[in-house]
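Below you'll find a set of structures to go through.
One chain, chain A, links the two complexes that follow: it is found with chain B in the first and with chain C in the second.
Moving on to the complex of A and B:
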């Protein structure tokens, strides 16, 4: 009956990882929960992260209250509480080694300095929250492109009008990012780029020397004639 | 008519539910008395109702600090930590010598593509590659302008292929070819003349010949038994002279170098 109440609670939050927790006995429930937890990789998955994580957190609290009354029934929520920090079911960890970025440099260009200042506050706060070290934030000097046109459609050469386009710059340099962190931060920051603002991202990736450059192959080759050259 | 929503808003409401995503400025939803625009003569900037200036400018009402913190808390799970062993540039250089630079361009327009995005720059320090003396000199000659002597850095910039991955592969291919070619010794390399040498080598140079000739003639005039060339070469004064000449030619004329040369010449010719 508590499990039934749990299912009632589960029904509105259809899209979260508890959907496999059916009251098919303690073993089944345990298995379902382990399956969701065991499916762990670390890649950014598409899909709305926010409502699901909120829903699963609310679910936690409610499960806890109902669990305290009943000892015998094993609910999915209780197992998660005893396991430790809750693992996000959207996160998936893969085996391939991460590429490392020694420096990621963001150059943001816009026509309005106030917009760039607000964006700077947002980007710096986001980097701090995600644990990325910001090396330098500076404003390269603005460039102004001016041109002079004739004011009138026909004749009146002495009367001109001048236009100018001002481009303000903002440069953010971040240090020591892994590819997952860089992907997360850049996607977040680029989705919230205001309209009319452009960005250039310069990534400096560091790599080991590839296998074929470790040793010169001329030593390992069998004795061939000079004319046959292999690279 | 219906009063705007601002009058029913609590002071401690959750602002991220009022503006969850980027939206235009709605005067009925923002409870701030904002004024923007050029003031009329002897007046104030216009109010927020029906204000085009406020609607035109991009606003950051959806990115208040609590909203950013909530977003980052949800995104934190997807981030991975930087390996703590690589906390300085030198350690990164030691374990991962090759640096690859790529640039991405984002702008609003009819197309998201930018032809400049396919450029790839490869940077490597020659001291990290497995090169011997001859191979290093040959590589520097092959590469020409792309090598910077002060930082010992080889920079290869490729953009001849249409895709970034292809340019990266081409850059690595170039590096491989340069490396292996510089280890090979061609038959015509033995014809390397003194003008082609990158640094001054004292052995078999005019300076060595002149010094040895002078010393032999001095010894002959003093009627000492004929000392051989090897003995002269191995003697302290000649070695000292050699070091000072090499330093002068390679490093240029500094106070130190000139005084060393003076001392060594004085010792060589035995004058005080």
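Moving on to the complex of A and C:
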């Protein structure tokens, strides 16, 4: 439910991803009250490969607005209680052990430092809400690509124009995640990436030491009697 | 002299871009290590001409284009020359046509003003 409340509170970048045609969005994470809007959203997204029209998007916005008021309100005697334990079709439980990540590092690149600063606040807040420990947040130095071109079309070699493109970076390092936590966090954070900002993710996996190098070899091999070799 | 009205966008030369001006087209093509800048620029030019043509004489100032993932958001400021039902029709028409043409969701955010906002008079 924390993620559902989070989506109601933090919508700074306008929920861009809702209109993308992707069926496995974080729409099923909200509670029962949002199921209807989630279903409607999924239906609209899957029904047309191209975007929804004005009217249906306005309807979608209205549905979201009404349902966000209901989060946290207990609907006494509503029909939802009679169904028994709710099984969310988008949540799958599997028995295989999850891959663990020692470190997940996000490198966010952008042209505008102010946009990156506000995105840093958003991502750190989201990690804290989901209970992910943030190891380090730092700004690697910016890279500037400059080129000097001739100002005029024909001659005038001595008069030039210089252009430059600045790329600012933001590095977020998260400690000790499970694969499902990482999937949820990355999905949320990537759906709300602002325009003109790119992200690269590097994950460091923790694996068990393979069987054949667990014990040192000199303990496992049988004792060999030493024979003297006369040269 | 002193009667030529100039908007904020037009009044500032390009060296003010990250300082007093923002960007008109936001995409990741020009970042270090990212590609596709030429395709984005071509699409931007096409979109600006298309919008200039569908809203004839109505577009005040430049259109802001934003790309978030697959989605293209066009934010335009229009003058109130056309009646509202025609503006709504043209908006829906551009959205569906451009999304079929570019094969990605296109969203149009419109705002109307009575006239062009002057920043200063040259």
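In the analysis below, the second predicted complex is superposed on the first by the 119 of 231 C-alpha atoms of A that agree within 3 Å, B and C clash if a C-alpha of one lies under 4 Å from a C-alpha of the other, contacts with A are read in each partner's own complex, and residues count from 1 in each chain.
The rule we apply is simple: a contact is a pair of C-beta atoms (placed from the backbone, for glycine too) under 8 Å apart; a residue touches a chain by one contact, two chains touch by 3 or more.
These numbers were taken from a predicted model, which means no experiment stands behind them.
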{"item": "Which of chain B and chain C A:130 touches, first, second, both or neither", "value": "first"}
{"item": "Chain B versus chain C as contact partner of A:165, first or second or both or neither", "value": "second"}
{"item": "Touching partner for A:89 - first (chain B), second (chain C), both, neither", "value": "neither"}
{"item": "First (chain B), second (chain C), both or neither touched by A:111", "value": "second"}
{"item": "Dominant contact partner of chain A by residue count, chain C or chain B", "value": "B"}
{"item": "Partner chain(s) touched by A:198 [first = chain B, second = chain C, both, neither]", "value": "both"}
{"item": "Doubly contacted residues of chain A, that is, touched by chain B and again by chain C", "value": "50, 53, 112, 193-198"}
{"item": "Residues of chain B defined as touching chain A within the complex", "value": "22, 57-58, 60, 62-63, 65, 68-83, 86-87, 89, 92, 95-108, 124, 128-130, 135, 172, 175-177, 179-181, 183-184"}
{"item": "Touching residues on chain C, where the partner in the complex is chain A", "value": "18, 23, 26-28, 30-34, 66-71, 73, 88, 91-92, 95-96, 99-100, 105-107"}
{"item": "Chain A to chain B touching residues, read off their complex", "value": "42-44, 49-50, 53, 88, 90-91, 98, 100, 102, 112, 114-115, 118-119, 122, 125-126, 129-131, 176-178, 180-181, 184-185, 188, 190, 192-210, 212-218, 231"}
{"item": "Contact footprint of chain C on chain A as seen in their complex", "value": "13, 16-17, 19-21, 50-51, 53-54, 109-112, 143, 145, 165-167, 191, 193-198"}
